[in-house]
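Handing you a structure now.
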Amino acid sequence: MVKVGIIGAGRIGKVHLESISYHVKNATVVAMADPFMNDETESFIKEFGVEKIYKDYKEIINDPEIDAVLVCSSTDTHAPISIEAIEAGKHVFCEKPLANTTDKIKEIAEALKAHPEVKFQVGFNRRFDHNFAAIRKAYDEGKIGDAQILKITSRDPQAPPVGYCAASIFLDMTIHDFDMACFLTNSDVEELYVYADALINPGIREYGDFDTAIISMKMANGALAVIDNSRQAMYGYDQRAELFGSKGMVATSNDTLSSAVLSTVDGVTGEKPLYFFLERYMESFSQEVREFCDAIINNTETPVGIHAGMQSVKIALAAEKSANEGRPVKLSEID
Amino acid sequence: MVKVGIIGAGRIGKVHLESISYHVKNATVVAMADPFMNDETESFIKEFGVEKIYKDYKEIINDPEIDAVLVCSSTDTHAPISIEAIEAGKHVFCEKPLANTTDKIKEIAEALKAHPEVKFQVGFNRRFDHNFAAIRKAYDEGKIGDAQILKITSRDPQAPPVGYCAASIFLDMTIHDFDMACFLTNSDVEELYVYADALINPGIREYGDFDTAIISMKMANGALAVIDNSRQAMYGYDQRAELFGSKGMVATSNDTLSSAVLSTVDGVTGEKPLYFFLERYMESFSQEVREFCDAIINNTETPVGIHAGMQSVKIALAAEKSANEGRPVKLSEID
Amino acid sequence: MVKVGIIGAGRIGKVHLESISYHVKNATVVAMADPFMNDETESFIKEFGVEKIYKDYKEIINDPEIDAVLVCSSTDTHAPISIEAIEAGKHVFCEKPLANTTDKIKEIAEALKAHPEVKFQVGFNRRFDHNFAAIRKAYDEGKIGDAQILKITSRDPQAPPVGYCAASIFLDMTIHDFDMACFLTNSDVEELYVYADALINPGIREYGDFDTAIISMKMANGALAVIDNSRQAMYGYDQRAELFGSKGMVATSNDTLSSAVLSTVDGVTGEKPLYFFLERYMESFSQEVREFCDAIINNTETPVGIHAGMQSVKIALAAEKSANEGRPVKLSEID
Amino acid sequence: MVKVGIIGAGRIGKVHLESISYHVKNATVVAMADPFMNDETESFIKEFGVEKIYKDYKEIINDPEIDAVLVCSSTDTHAPISIEAIEAGKHVFCEKPLANTTDKIKEIAEALKAHPEVKFQVGFNRRFDHNFAAIRKAYDEGKIGDAQILKITSRDPQAPPVGYCAASIFLDMTIHDFDMACFLTNSDVEELYVYADALINPGIREYGDFDTAIISMKMANGALAVIDNSRQAMYGYDQRAELFGSKGMVATSNDTLSSAVLSTVDGVTGEKPLYFFLERYMESFSQEVREFCDAIINNTETPVGIHAGMQSVKIALAAEKSANEGRPVKLSEID
């Protein structure tokens, strides 16, 4: 049983608290910290039997009872807190993106080099989703042969308010799809080209951001790939992928609440996709932590290491560059 | 929080223990009893933090700390244990079938009349399944108009060993489908006719049992219904239903582990249905207990009462009679 | 090239005229007859290059140029005209049902015995439908093993006006499904039991007819089967079948005009089934005549002979008897 | 009834001959010409009742009986023959691509300007396919709102032999998809970027060609679009499209021979897509000629004019340029 401290009690921190308490047998949450901890949050946390509740995350890092920390704080603090925890000898599970620059990620990498006993995992939960895992499994088993074309469709159900995002669509939303592209083809990205626009809310152009994008990529293993993104699909969260190869194709469709189909004079109607990432990916949040704790217990490699965390940020930065400069960008250009 | 004692530590008892521990927030298991309790079972139970572990179920019934009991013992003891618990003022959740004869169920009914404060629920978990619930919801909302034709397909992935079952296919397997027929049409059964045979393993005819059946029924509300059963579908657990009415139809298909579809030179292949009832209906085991506990906490009616328990057994007995006598049997013939 | 005369210029006669002219390479229509032939019909027929247009069908039967006749007249004349044609040495393709009584069909059978050179086919076009043929093919290839359960869903998009039908639902509509049950299981029916009612239009009870039915059957080869019928599915013509066996199941769904699926805030909506039998089964009308002409040209057996014509009517009569008498009826009771 | 002469008796010429003879009521083929006309081809043509069979296409152009010509000769002769026919006052239906250079298409355009009475149509048959037409219809009806993302998947079942193609993949295969992109979004292309490679048969690189490509595009109306191409999908001809917009999405899937699905211990398997373009698009070959003849008869605009013919070639040339130069190419660069 791994004793876990969660740093950050925002939405994703609470998701992990609940998920671990109910569904993860090899972990238990013993402490939680948030600088904005208030009575409401505290009483929510207490319901799960967590007794150590702090404002200062250092209390967690200094607690000898705690084996591992989940870094669920704001993106700009991911790297410094991770590094502090690593240096304190805690195993670290850090939410994505690790940082908005590669420099900070390199610092994490260095800290990890200095502490080879520390397990480190990045929170790319979609790798643990039943559908995407099934694609990778079929690929690993040779069922589709050599990878040639990957297609990922990733569309959110609702655009965030204009000006809300600190980061670009690529660092905030597509980063998951970039990691998925690497995961599904088992390869890094070599080069990419982006068409992006503000078709849903032209106002976000002022912020230098986009809400609709098509990112085409050349993978290091030779496969071609394309991601299409939209911030607002009126029918809900659209999360599909297909991998085509020399022997065939494996494709997944959206999950729904039930398989019920209604046939009436108006047509034959099934349910919309599950609304958003909490509904769609809940089980994957449990599975990623289960495997993180297994790696700690068995002293094996974690399934999503620092390389994946770095790659995804580099790809996102390359995508920004391509969208802004209107030219293909090689990953080797991003330092 | 309802304090629960589970009587019976066989497969279904363990399912409830795990399901309540991990997924049911308004209940906690405080005791468990089984006449064959052994070290292995005891240590399994202890892992979930249950401290009171007995051989004698009466320890549970006499424990003033316990609010409710789950009767998960063998079918022949369902009625006597339920009655004892009712008379001790415990709320009772009893697995299906309540009994193999109507007399015993009448005794439960009488005990309940004498203890109107006791909440009683029958373990027809499929009513809480996302797919079947979606059919009933569409019907209740008037989307398909008046019910005219109900079709239920219910096929197990693997036949039990010959001679294994004490009860007939109708009392052991179809009883869930009979309850489902009543639930989906919101009606009792008036009359039925059965074609049944031993097409998978002719040897079970010696035991007076069947492994393949088509049961057609006239519902009390006028709808016609048909259930088809097989003990052995080579592609897995086949659990589908469709309700057709004056305005349209609502139909459900099987659940799978993932939505992945593989296209190769051999065809376009999706996954088989989830293997069996534990995989397929796990969430419904949690939901039925959640709603049972809600009824206790809020002092409201439970969602599956004694009437459903009696109806399903009567229908099963009528089905046996029809299969053996080769004639339509009215429910009113079953006393 | 088989020279064909069509007797009867109603809807189905015109369907065959157009289908043969456009799609059947081994046949040509040279004559058409109808007692109610008028200018409009005549000019319709002439467009297809047919020059011999008569009121009296005997002109066709006596025409030495004509190799084969299609009997598309009213049901009560099917048998006498078929017999006349057989005796004149013409090959005969007769629409279903051959007659409403078995006596008349026996007379056709006797005429055929006396003229073994004559090819005779019954118009059960659905046997030539791509979907149903695919089920039978999978069964013949051993892919599902021994047949155990057959399910046929057959629902019309619109009920005929009350009092319109001379024949019962079983002789008019279900007769196709009865033939399909025999075709898909490659077996005759041994016994059946029917629940039938007038749920759409109670007024048709006065005519002794039904609009909703569930027919369960024991096939001669041991398989169990069930047909469900409705005269009015609001979402269109519902024509599905599934055959379940010891190795697996093969099932078909409805055809649509396109595969387009619209996803909006209201759900994920596909097209309704093709409206009715002309839209749904057009290609099968061509294919049945192609194979009839092939049998003539190659002097081989036709694919749907007098036995199928007799069986289907016997099953329909047995179904009527079961519905009216409320008991299972053996086919051997129908003489 | 439009009297048609077909120039070119290769595969596509024969397809039109058969399609018009059997399925197109408003046209009749009266003449056919091919420089390599031989006995076998002649006898094939005669079976359809065509009496005028020539080696020299000028016989058709000079025949006053003929209203319209179908130019089905080799690509390099499309333009000169079309121009000769236009100047002779014949209506012209020309197969795609009109030419491999824009200059030749401009010459056709000039000939058309000089003969405004002549109807001219390009053979983009997929516009008349039931699935793609359904997407455009949904878009025209406003069901998906403003177009934002278009995705086209177009994969052939079998790669042509290395060195077989005179033209690039873009002019030979993708040209249909380019036209489809314009058709489905009802817009021209403004700019595109291509990733292309020889992943199936590296040998074709020597010929400067590719067999796998992802083409991303910015449409003139602001929508983003992506086409993915492969010369060899082991599961057959993969022809799908989806159009996503401000109100929702409309998507189509592949057509199959039947809807039969087989469930066994190996999985749940449906049929592969129809094999190739003749199986998949046969009906659209009839429909495009029907509408061409309607335009002649009613003196209305043809549905696919010279603009579409020019656009598709320009896009193909831009795609070649982008693939070879590794940069985005604006359509305005192609003169």
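Residue numbering begins at 1 within each chain, and the chains themselves are lettered A, B, C and D in the order written.
Here is the rule we use: contacts are C-beta pairs under 8 Å (C-beta built on N, C-alpha and C of every residue); 3 or more make two chains touch, one makes a residue touch a chain.
A quick note: this is a predicted structure, and the numbers were derived from the prediction, not measured.
Peer 1: Starting at chain A, how many touching-chain steps does it take at least to reach chain C?
Peer 2: Between chain A and chain C, the shortest chain-hopping route counts 1.
Peer 1: Which one of the chains is farthest from chain C, going by Cα centres?
Peer 2: A
Peer 1: More C-beta pairs touching across which pair, C-D or B-D?
Peer 2: C-D
Peer 1: Could you tell me the distance, in whole angstrom, between the mean C-alpha positions of chain A and chain D?
Peer 2: So the centroids are 42 Å from each other.
Peer 1: Based only on mean CA positions, could you tell me how far chain C sits from chain D in angstrom?
Peer 2: Centres of chain C and chain D (C-alpha means) sit 40 Å apart.
Peer 1: State, to the nearest whole Å, the distance from the C-alpha centre of chain B to the C-alpha centre of chain D.
Peer 2: Going by mean C-alpha positions, chain B sits 58 Å from chain D.
Peer 1: Residues of chain B that touch two or more other chains: which are they?
Peer 2: 233-235, 238, 247-249, 262-265, 271
Peer 1: Can you name the residues of chain D that touch chain C in the complex?
Peer 2: Chain D reaches chain C through residues 22-23, 130-131, 133-135, 138, 143-144, 247-255, 257-265, 271.
Peer 1: Can you list the residues on chain C that touch chain B in the complex?
Peer 2: It is residues 145-146, 148-149, 151, 153, 155, 193, 195-197, 199-200, 212-214, 216-218, 222-226, 228, 230, 232-235, 238, 244, 246-249, 326-328 of chain C that touch chain B.
Peer 1: Write out the stretch or stretches of chain A touching chain C in their complex.
Peer 2: Interface residues on the chain A side: 233-235, 238, 262-272.
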